[in-house]
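Two complexes follow with subunit A in common, the first pairing it with subunit B and the second with subunit C.
Now for the complex of A and B:
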């Protein structure tokens, strides 16, 4: 169902997108401020993917780079529109709609910002239903859409167009090089496609999902309900279906560095009890990739691993992880279309050289005492 | 005067271009092999710059990257033409002629290769009358032509378009990032311009100069003449005018590394005589930047510093410098248009942070015993 979105929905979307960002995706709060300023008291038209014309020209717009850099280097405001115009000029066609590449993190907001500035509608769908660190890690790519030609824009009005044919990994490699030279953050337009191809390859209604997840967290806090149970209720009603509480404990070690233009590192969580000495280790590359409890994998990409503040249920990004923080780590299953062979080749554990096979979080945690989820 | 160039001129041009490469510019021999193969028994039309139409669309094509990488990573053969086609598509105009950006090194040959493959003519001129390491270091830039939009092509068919408006240093920065990601070598088309602008900004007849210098070296060796004297005769007849022998000695130390996509380093030459303990130190960034004898500057960019084999007079590139080699180091003045304030801002000592002011080689060496040149 299409609808009009105003600034009053941005709070929920921001919180839900932080959750779907699985630790990365850039800070949606920054994006929320940009959209709020650009939108004022107007609204953005959010198109249901099933209501987009087959021959519409759909342009995914996003920010790329290390979230740790993005926190300090805010968009000037012209880049997201400049990059849309650059790809339009290059392919000689005007966009009919923009779409998020990822509904996690700041990239839930960038298309809304472009829409607020240009009057274009935003499609309620994305290319992963979460956040991923690399450009080729999208259902668009997994199901045959080419990322090239893509455009990048920097804060000084610079633009670049990259065309690597059908080789999206090569596109990522070159675009990452340009992004690093632009200071670690760039805005991009890539995987341009028809409305029909969008409908065939996108994860649908993920903006709505972000808003619903954010609202569930807000209401749970207001009503003094368990936030994890509240999230599980929303998830159960979607193609994600499964939510599992993986661990609750405090952060005892955090190691992070910027490498190759990514924020990479590990965090260790120890359980509270003196008697229980189990630990959870989280590995991330912008986003959380794998969670292990006492050396046993309990959740891996493309399933979602999210860290929530143990008291408030607020999602914590990898940049926000701090020694001593008390947190609950949850795993959320991805939609079936994210778990196919093609999809796992694009963004499963092997794509990150994790040395483990993908198994669904609901299988990995089946029968584990203490981590069974309060799914309704 | 326009003329037709066949493979029989490539030997002289290769040798002359190696000299004008001032230690860098990439190995013209590799380019010669490419052109020889592409040309067969046909010829390339070389246009005198004064015979190019004012409204002709002129496209400079070149290779960029560290010569040390270029030696090992040879062009596959399609990149130089692919990059021309990429810039043509982007600006929506078909080239009327190609032109070297630098007549030094392999970039004397790349336009001939493109011409051999496409049938386009090559303009007998370039943007520096030598070789320089960075894209913005051109008379084109110094006299108001914008480098953007530029195209890059890699060996796997990848292309990139970069547009940084009038900021050519920014263009260099981004293009270098892409080049590094392409493995250290890329082919580029940049500073596209009209025939009138080319005539206003280019150094004229530098392909002819390369051929003449190469022929002079070849004939000097055949006739057992002093190669330095032979070169000085050619130079005296051009806008370069001055040639000075700076030093003769053997290489006692050589230090080189690839840094930021450039081949950088130093070489020290010691005089042969046991009594005479003077030394020459050469600093390079792809090309030779400054030569100092016993701590005193004797030649700096944009004047040309060339190293010749002491016996044969063959130019030696920085990659070719070897411990124990016996060499003669010469300095050649640049044309007046390369020594203006705008030109020195673009590629004088300050542009390389050398901490020395530009003074012409003929002044720096005036009255120096033992380094006076055999200029006729």
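Now for the complex of A and C:
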């Protein structure tokens, strides 16, 4: 169902998008402020994906670069619109709607900002159903949409077009070079497509999901309810369906390094109770990739692994993971469209060279203690 | 001999400390006039334990004046914020995320100018001095007297903030100037917010610091005066006049450091039981473990370093409802009679049953008139104390970071509510002078130096870069007044910045040492 979104919903979306960021995706707080400033007391039209015309020209817009740079060098404000106009000029078509490339992190907000500035509607769907570290890790790519042509924009009004045909890897590599020259952060438009292609390849209603997850966390805290149970209720009636509490404990070790421009590392969580010696190990590359309890995999990409503050339920990013933090780790199953052979080739364990097979979180955790079943 | 003073919202605690021991300590009521309050407390200390003012080598004060002024929107200076970063950052101008009444209370003037750097030190755009001068003219016309200057990536290079300060200083010689790279960390809005908050407190800081100095002098003490900072280290009065914002979390920090010192335990959990809450924190190597989330103060998002504290709604003034529980049993808190304990509690002839009444009935404390609670039901007393013990046991367990046994130190006036052993068998350490641990924490504070910047680490250069950062932190501690031989690095944290080649890494190093005092 389509609806109008005002600034009142941005707090919930921000919190939900941080959760769907699975540790990465950049801080939605800045995105929320951007949309709040641009929107004022107006609203943005959010289009249900099933209500978009087949021949509509759909443009995904996003921010790419280092989240830490994004916290310091804020946008001038014209870049996200400039990049939309640049891709329109290059393709020779006018956008009918914008769409998020990822519903996790700050990129849930960038299309809303463009919409607030241009009056365009935003489609309630995205290409990741979460956040991923690389541009080609999208359902759009997995199901045959080409990333090129791609536009990038910086704060000085400059734009660049990259067209590598069907080679998305090379597009990503060139785009990272341009992003570096732009100061480590750029606004981009890519994977332009028709309304019909969008419906075939996107994860549907993920803005709504973000808002509902954020609202569930807010209300759970207000009512002193278990935040994990509240999230599980929301997930249960979406295509994600399954939510499992994987572990609750304290971070006892963190190891980080930079590899190929990514923040990679591991965090170890130990159980609170002195009697319980089990541990969870979390592997991350900007986003959380694998969770293992005592050496046994309990959740792996593309299923979502989220770390929540044990007291408040607030999502914690990989950059925010600190020794001694008390946290609950949860796993959320991805929709079926993200678990097919093509999808797993694009962003399953093998795409991250993890050496483990994908198995759904609901299978990996079947019959184990600590499983959170949705309460009626 | 040193004197530590903790000025809280309700109580002003004073401790006289020498060598390794506390000579005397007093608890007095906080007064509206800062000078009068400190004078009264020092007089009481002198009565309890006569001392020669000339023998006092240093006075350390922890105060909530500045954070309270911000929360209550009191005595804030008319402030202007200049940001250097155009054409970037214009989408979110200064003060964008402030509560409107607070922004209005300090004038709410924000300006965007050219300048700022990229993460690797390239300029976003050059500083435009003519633009800056026009901005300063407008600031002067609007009557702002305190100016916060924030440049993008100033933690990497402070060049533009320093040049802008010269321009502003030449045009407005009487204005107070606060530079963001001296105040906050990476994260533009949070650092800028902290800088604006600091700027708004600069005039009050001069008044308060002068008032504190007058009180000390009035007592014949010629020793230097220091204020305690969020991280448990000290700043001298000149620094305090320029950086009042650094005092914001000194209360819990001093309490935890004092507990560690009094108990002789450098690694411990601390439970500080006050009138309304029990605050649980972890001390590692003598310093409180820091919270990792961004902290909002008076509705303003900042990235100050604050100690990681778990607050439970249990204190000496907590209301006790004998049959308020779902099982018909007693319930303690979370509401408290607070500063009205002296009139509300049963032992003071009041109508309200409080945790203090239960402690008196159990024989753990002698406060007020014990006969008023002598007939209290034994099961009720046992039930309430068991509930408090269970809550504190659970809280300590949640804060612990390893299964290794961790000693637990109980301090604060309300800690008589706690048993000698928690439910998991862990013994509580109750050091002498536990009610004034916060003042003792102020008295023993050390001097620190810190580095927090983005470094570009070339292959094979990691340890050299880390060594440079450590040396810089040590040098800063020495410049701040630490005895060089005592300075050591207490914290190193590296975070690689995602997506950037060249191994851009944010490195934080903290070094501390003993304060050098004249013989």
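Throughout what follows, the second predicted complex is superposed on the first by the 363 of 376 C-alpha atoms of A that agree within 3 Å, B and C clash if a C-alpha of one lies under 4 Å from a C-alpha of the other, contacts with A are read in each partner's own complex, and residues count from 1 in each chain.
The definition used in the following text is that a residue touches a chain if its C-beta (ideal position, glycine included) is under 8 Å from a C-beta of that chain, and two chains touch if they have at least 3 such contacts.
Nothing here was measured: the structure is a model prediction, and the numbers come from that model.
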Considering only the touch criterion stated at the top, classify A:252 as touching first (subunit B), second (subunit C), both, or neither. second
Margin query: Output check: A:72 vs subunit B and subunit C. Expected answer is one of first, second, both, neither. What do you get?
Written below: second
Subunit B versus subunit C as contact partner of A:173, first or second or both or neither: first
According to the stated criteria, A:165 is in contact with first (subunit B), second (subunit C), both, or neither; which is it?
first
**Request:** In the overlay, answer first, second, both or neither for which of subunit B and subunit C A:272 touches.
**Result:** second
I'd like to know which partner A:183 touches here: subunit B for first, subunit C for second, both or neither. second
Of the two partners subunit B and subunit C, more of subunit A gets touched by chain C
Checklist entry - Between subunit B (first) and subunit C (second), which, if any, makes contact with A:156: first, second, both or neither? => result both
In subunit A, both subunit B and subunit C touch residues 156-157, 176, 180
Interface with subunit C, subunit A side, in the complex: residues 24, 29-30, 33-34, 37-38, 64-69, 71-77, 133, 155-157, 176, 179-180, 183-184, 250-252, 256-258, 261-263, 270, 272-274, 277, 286, 309-311, 314, 316, 319-320, 322-326
Counting only contacts in the complex, subunit B reaches subunit A at residues 86, 90, 156-165, 167, 170, 173-174, 176-178, 180-182
Counting only contacts in the complex, subunit C reaches subunit A at residues 85-92, 96-97, 116, 118-120, 122, 124, 152-153, 186-189, 282, 289, 292-293, 301, 308, 310, 397-403, 424, 494-501, 503-506
